[in-house]
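First up is the structure itself, then whatever we jot down about it.
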Amino acid sequence: MSKLSYAYYPGCSGQGTSMEYEMSTRALCEALDIDLKEIPDWSCCGSTPAHACDHVLSAALSGRNLGLAADMGEDCVLTPCPSCLTNLKNAGQHMSGSEEFKEKVNKLLDEPIGEIPDVKSVLQILFEDLGPKGVKEKVIKPLSGLKVVTYYGCILTRPPKLMEFDSEENPISMDRLMEAAGAKVLPFPLKTECCGASHGVARKDLVMKLSGKLLDMAEQLGADAVVTACPLCQMNLDLRQGQVNSANKTSHKLPVFYYTQLLGWALGLPQAQLGLDKLCVNPMPALRGIGKKEDAA
Amino acid sequence: MKIGVFVCHCGSNIEGTVDTKTVAEASLDFPEVTFATDTMYACSEPGQDGIIEAIEEHKLDGVVVASCTPRMHEPTFRKTLERAGLNPYMFEMANIREHVSWIGKDREANTNKAADLVRIAVEKLRRNQPLTPKEFDINRRVLVIGGGVAGIQAALDCAEAGLEVVMVERESTIGGKMAKLDKTFPTVDCSSCILGPRMVEIAQHPNITLYAYSEVESVSGYVGNFEVQVKKKATYVDWAKCTGCGECVEKCPSRKAPDPFNELLAPGRAINIPFPQAIPKKAYIQAEHCIKLTKDKCGNCAKVCPSDAINFEAKDEIITEEVGGIIAATGYDLFDWTVYEEYGGGRYPDVVTSLQYERMLSASGPTGGHVKRPSDGKEPKKVVFIQCVGSRDKSVGRPYCSGFCCMYTAKQAILTKDHIPDSESYVFYMDIRAPGKLYDEFTRRAMEEYGAQYIRGRVGMVYPDGEGQLVVRGADTLMGTQVEVKADLVVLAVGAEAAKNSPQLAEKLRISYDAYGFFMEGHPKLKPVETNTAGVYLAGACQGAKDIPASVGQGSAAAAKVIGLFSKEKLKSDPQTALVDIKRCIGCGKCAETCPFGAINMTEFRGQPKAEVLETVCQGCGLCAATCPQGAVQLKHFTDNQILAEVEALCRF
Amino acid sequence: MPVLEGRELRIIGFLCNWCSYGGADTAGVARFDQPTDLRIIRVPCSGRIDPLFVAKAFMNGADGVLVSGCHPRDCHYAEGNFYARRRLEVFKNFISVLGIEPERFEYTWVSASEGQRWQEVVTKFTNQVHTLGPLAPVPEISLDRLAATETAQP
Amino acid sequence: MLEQLKDTIKKALPELDFVIGWGMGFDALHATPLFMYEPEDVDKLVWGPLNVHNLATYLPALKGRKVGIVVKGCDSRSVAELLQENLINREDVVIFGAPCRGTVSLTKIRKVIGNTGLIEDVNYADGTLTVKAEGASHEMALKDIRADKCGYCRFPNAVLSDHFVGEKRAPQVEEDTFEDLAEFESQPFEERRDFWMKEMDRCIRCYACRNACPLCVCRDHCVAQSRDPHWLSQQDGVRDKFMFQIIHATHLAGRCTTCGECERACPVDIPVLLFKRKFTKAIKDTFDYDAGLDPEATPPLLAFKANEDNIKEKEW
Amino acid sequence: MAKYLKKDDLGSWLKELGETYKVIAPVEEGDAVVFRRLTDERTLRIDRQATQGPKGVLFPACEELVSFKYVKDPENPEKTKVEVKETVEAEPTLIFGARPCDARGFDVFDGAFTKCAVKDNYYMARREQAIVVSLACTKTETTCFCNWVGGSPDGTGGSDVLLTPVTGGYLVEAVTDKGEALMGGKLLSDADDARQAEAKKLLQEAKDSLREAPDFDCMPEQLYALFDNMDFWEKQSAKCISCGACTYLCPTCHCFNITDEQQGKEGSRIRSWDNCMSHMFTNEASGHNPRPTKAYRLKNRVGHKFCYFPDMHDGHIACVGCGRCIKSCPVALDIREVVTAAKECRLPEEETSDD
């Protein structure tokens, strides 16, 4: 098999709030021999107020990046961020579906876009192109005994006609990857429930309720950690865990990982590359417990 | 030839968007048309009389009616011609309603197109020959496929009328879905008490031959003379000897076999008798679960059988039956609801189907009629019913309403209260559809007398709360809020879909089926139990979801159709068959090779090989005519020259 | 009557009686609007349709030909459409060598219940033919004679 | 090799009514079918690139008689096809095969030498044909003047024979790539139509194409001349002539072995083989079937599969 | 008086004539040479015998005899009458480049269509308005045998003007009064003796190059005698594939078929060439066919040309020896061989005496 290689769109949160997601994604892909070619001079995906007021503008923001990727000669763009994914995919699908729309978008662009590349999440290609088996082969530090719940969030698989990946109600891609890394994945019934992110600023009380429910259920199932694939979800569950605790009078101390971090860990990547120090809830007790519980059992 | 053209207004159905007078005037210019008129309703009595008068007055010898589809009224007008003393086949129709007036509003274009259609009908008619049907004998036996309540009704009605009936049932017992039900709505009477005696009658009726655990393998022939191959699947039990005592079932050590009769609610034995009232009450072995058949060990059943009926060597058997008519009554199956991941996709044991719940309620079911949660065997106190699971849902490809779920949900809510008086029932519904006699009253009783809480809205999610209960979250569209109900048991009112392998059976029967696999009736209103294939009729839910009274009604209707068919002395074949011009035939045999009906024989004429059509076997498809390179085989009324004339007429201007 | 100048093209449909003709009826009953170009010739089965009828239509000046029958496996005569499929497919391939765009000829399957599908098929095909425009009929007379009549009537 | 072939035929002749081969025609360039009844007739037999005719054409009319036939590779495929259609009996036909290097196209020769009516002498040796006409001598490499069909021939040896004389030749090509067709179809549709209009206009409706075709088995009952069915009028317009070629080609779909007799026989040089080539390609692409290789095969248009491998009609 | 036309002036001459006549000449078309109306786009080809002769100009492959139309009485649509219109199409036509054999074919036509009791108006109208300018043959082909059947490379039968190619141009001679009318053209000059002598020499060489003509006087008798010898005809016809190339290319074959072709209420009665080599030629409505096999049909073809027609038309053989039937025959069936074989066939005398 030839080496897997894709155009790569990091997205803005990877430069800030979810730096560790970005770091760990790159480290993981390198370790898995997947070539991520960063789109030169990439710009905002349009996951701003743009898409709420002007579809053409929003598509042009995404379209510029797709055009740049096409110029690289790549036919598939990856991004770790579900929001970027939604916008890039939406723009691509809309333009492929309507020449008229494409023309409107092209008017806004310096370089009109021609061929429209595919857009996928890093998770999708890990699951589909490489496969859990491919991950398992490279695991050197299995996550034995680590009980996790996988939390996909609301937009990674939705709407299904746009995302064309995994089940929108009961996704399993992250589950399989975590299992491949040796973790025990608990049957989490709230995989795609809303964490409240979209109301994060205006209605904090909702976030407390919704994220709290997720943490409660994870705790109840006996999870050692939550695994996510979305910067916003991760932020709500991790950064706001303290707030949730005080609002709901709970005392959760659940580390909330990006799946890339845990996979990287299992592949034996150095901590520095995984950005574990960026997590708010200390992950180390959970990570240290790996292997031990099993020995005890 | 003198051709009369009658252009029908069909009230305003045609006249509304077609200028029928102009069409009639234009028709008068067509070759050999000597009379043309527009008429209000050609098919009405005055309309038909008008045609007859015109035939007599103008000495017409051919008629074109421009009106609706020939699939509807061609037989009507042929009879009109016959009454006027003409050969009924000197007739053609131009479909200016379904194909013109109803599909566009451009009056000019429609009028123009209508005239074109009349023109091709005239050109075809000019080349028609008077035809006379051939008569042939009827085999007065009927095949009923499926032994559910519709099939049972049809079989008994036919048998009572003196016909010999062959019934083929896929499962080891007849009774179908109704046999699995505990009670029936809206009377709440015991399902097996009303169905049981009818099943016994099937077994005992001297005119009925029952093949249970059997399937239709192939069907050939044509109305009046079908030949049917029935595959009797191996049961490994000699049913002639089996007394149904059940000793073998008791002693069978293979206890993880599926029990389809109980909807897989509990495991069954490899050797099994579905239920105490089974007809025939005989044991059968599920080979893939039998220790003897898979591993050549055990053989307990053979050891304990008092009548020595077990035969591990048994093989499938093919039986040929000859019948004159066929009633398909293959019923329905439940939609595979596990595509609903939001309801757990089958991962939560306490989410069950309505039919599973029915088995739980039934005294003959695996719980002996006690409602118990599959997960822990506890009696549920809060039961949530979710309606329209696999009905009225485009996203799962089932946009239709299954019709009976509203009613059985109400029934199950009532029975829940009867079984567990301190229980609460919640029903999530979209609309209540209860249009039958006493139906709406029944659903009201569920709400008002039995206190079932009806919540109008779809359920978005069911998930375990981690503490042994299920959270059911849905919308309450009347309140405009989201609601969450904690439930001990969730019952899904799963919709009906066509029985599995329906399309395959339809193909064997050469009948049509719709996009969902339900069999197509001859006409949605006027021929609800007929099909497009003469001699094949439909009864029950195989045609579309139906409740018990409707299925029984259709069973009787189908039986009446067969009895009517068989009441004729002889049947007449459609004379629009193929014909060989032996002067032109070179005897290459390509027609005989491709004929789907074996209706072409190769014979010899003056030492030369020639093809010959068996007129009563020929079904008139015309494949031979399209196959013969020199055009020596022609299909009467669809000859090359007729089709060429139609093409030519359409292209001439 | 001639097709309406400038608005309609000459499109001929060959439909099997049991499925597609019924499907067109169903579309009519449901009042599904359709372009008016198509003229339907009813035949018992798609197996009756000798591809040469299609050829003849093109020779005589049809701009498009549409054949429709029962879905495979659903033939009223069990096998007619299976043979038709092979013959029509090969024929569709063939006509490009004649200089006839293959898009002028389509064959498809529409059942008696698929009124909506029939509407889609007719609309799509009519648009397809309109995109290609009219196809000149092959002259019934020799080219010299044609040239003579053309110069006679400028 | 020719002598060996003659000997073989002479040995078999007593059992047969006659053997059909080729002899010299009215000049040195034109061969003609030779019916050999007596051993001395066999001495007139010739073999080489001038043996253009496909003699299988004669066989169906001789059904019931025991005859021999000399075949090239392409001719043998016609025999196989006739056997498949039960138009001849295998036991009544004795097939003499020999390796073929290709046959000439007289049209191409005419293009080189100007007029094939003035032939004085012809010699063929080692892939070179030397024609003397009007006092001038023309040397032509066979590959330059051979019939187009020989350029893509995959079966230079008889695919079935009772006696095969000489050493089998390797085919020139493994695969027929239909470049001729691709070239023709690189023209816009309208130009293709115009091309055929002009070509068809020349047709004299002599039906040599049909009668030379070994697989036009309707013979005296061809639809071209019948009134019932009345597919064609007797007009000499382009329409009926064109339509006839379409009928001919369509009736040959899945049966035609592209022996090229139709085109060769045409007295006014209309390239009618191209129609059959198109069908042959469609049949090959769709059913992976070559006509005339297996007398036991069922031709694709007389068969079907419930799920066709290469037909994607539902995608429209 | 013979005239001379410069080779370079031929085109201009024809163009000039084109003002008065519809000029039909052999032109290149595909790989063939056929007679067509001469236009600027077409290329004249007179260096070889045309693939098909000019017979279609006077006797078209297909012509409408009458057109007819059913007309309904607007007052009473049950009454229909048929309107019939005869279509005789003729205009001044000049056939250029026919070979002497081709032109002689028109003699045969004249015999069949204009000199019998029943005259063919359609043919006559065209014949009267046609002028035939032939081109003598200074070269002969292997298939040429005009000398066997009374023709010659410089034969004038059927022609109005005869051109003979000489160095740098053509010798132009009027054959008929009609032809004389063309002699006045400005491009024609008087031909000098040298040119006339050259023409004579070239034509003599052409005549000498032809195979010696056998004596066909005995042919009618011989063919009648062979009438029932089907064994002979079967062998002769064995290789025939029953197509119509020979008849349709033959300058003398004039058999025709008449059919009505109707579309809707209108139609036409057309006459088209028929072909005696086809089964259909004598197929009777009952299905019976008096000439059931190709042996019968070949016998008829040869018999008609060399026996029955001469019998009816003062010994004029209905063959002009152009050789097209030989060279265009898909199986190179050589009529010379058949006729020679018939001539040389020893009749089974014992059988005759037994009768």
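Letters A, B, C, D and E name the chains as they come in the text, with residue numbers starting at 1 for each one.
Quick note on the criterion: contacts are C-beta pairs under 8 Å (C-beta built on N, C-alpha and C of every residue); 3 or more make two chains touch, one makes a residue touch a chain.
Bear in mind that the values here come from a model prediction, so they are computed numbers and not experimental data.
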Touch-connected components when chain B is not counted: A | C, D, E
{"item": "B-D against B-C, pair bridged by the larger set of C-beta contacts", "value": "B-C"}
{"item": "Most central chain, judged by mean C-alpha position against the global CA mean", "value": "C"}
{"item": "Chain at maximum distance from chain C, centres defined as averaged CA atoms", "value": "A"}
{"item": "Farthest-lying chain, centroid of Cα atoms versus that of chain E", "value": "A"}
{"item": "Mean-CA-position distance for chain C and chain A (Å)", "value": "52"}
{"item": "Inter-centroid spacing, chain E versus chain B (mean Cα positions, whole Å)", "value": "71"}
{"item": "Distance from chain E to chain D - Cα centre to Cα centre, in angstrom", "value": "30"}
{"item": "For chain A paired with chain B, centre-to-centre distance based on mean C-alpha positions, whole Å", "value": "49"}
{"item": "Interface hub residues of chain C, defined as touching at least two other chains", "value": "56, 60, 73, 79, 83, 87, 137, 144"}
{"item": "Sequence positions of chain D contacting 2 or more other chains", "value": "198, 219, 231, 235-237, 302"}
{"item": "Junction residues of chain E, two or more chains touched", "value": "none"}
{"item": "Chain B-touching residues of chain D, taken from the complex the two chains share", "value": "85-87, 217-219, 221-223, 226, 228-231, 251, 302"}
{"item": "Residues of chain A defined as touching chain B within the complex", "value": "167-170, 187, 189-190, 193, 217, 220-221"}
{"item": "Contacting residues of chain D [partner chain E, same complex]", "value": "25-27, 30-33, 35, 37, 53, 57-58, 107, 110-111, 114-119, 134, 198-199, 202, 204-208, 210-212, 219-220, 225, 227, 233-237, 261, 264-265, 267-271"}
{"item": "Chain C to chain B touching residues, read off their complex", "value": "1-4, 7-8, 10, 12, 17-19, 21-22, 24-25, 27-29, 31-36, 39-45, 47-50, 53, 56-57, 60-62, 70, 73-80, 83-84, 87, 111-114, 119, 137"}
{"item": "Chain D-facing residues of chain B, complex", "value": "581, 583-586, 588-590, 593-594, 627, 629-632, 634, 639-641, 644"}
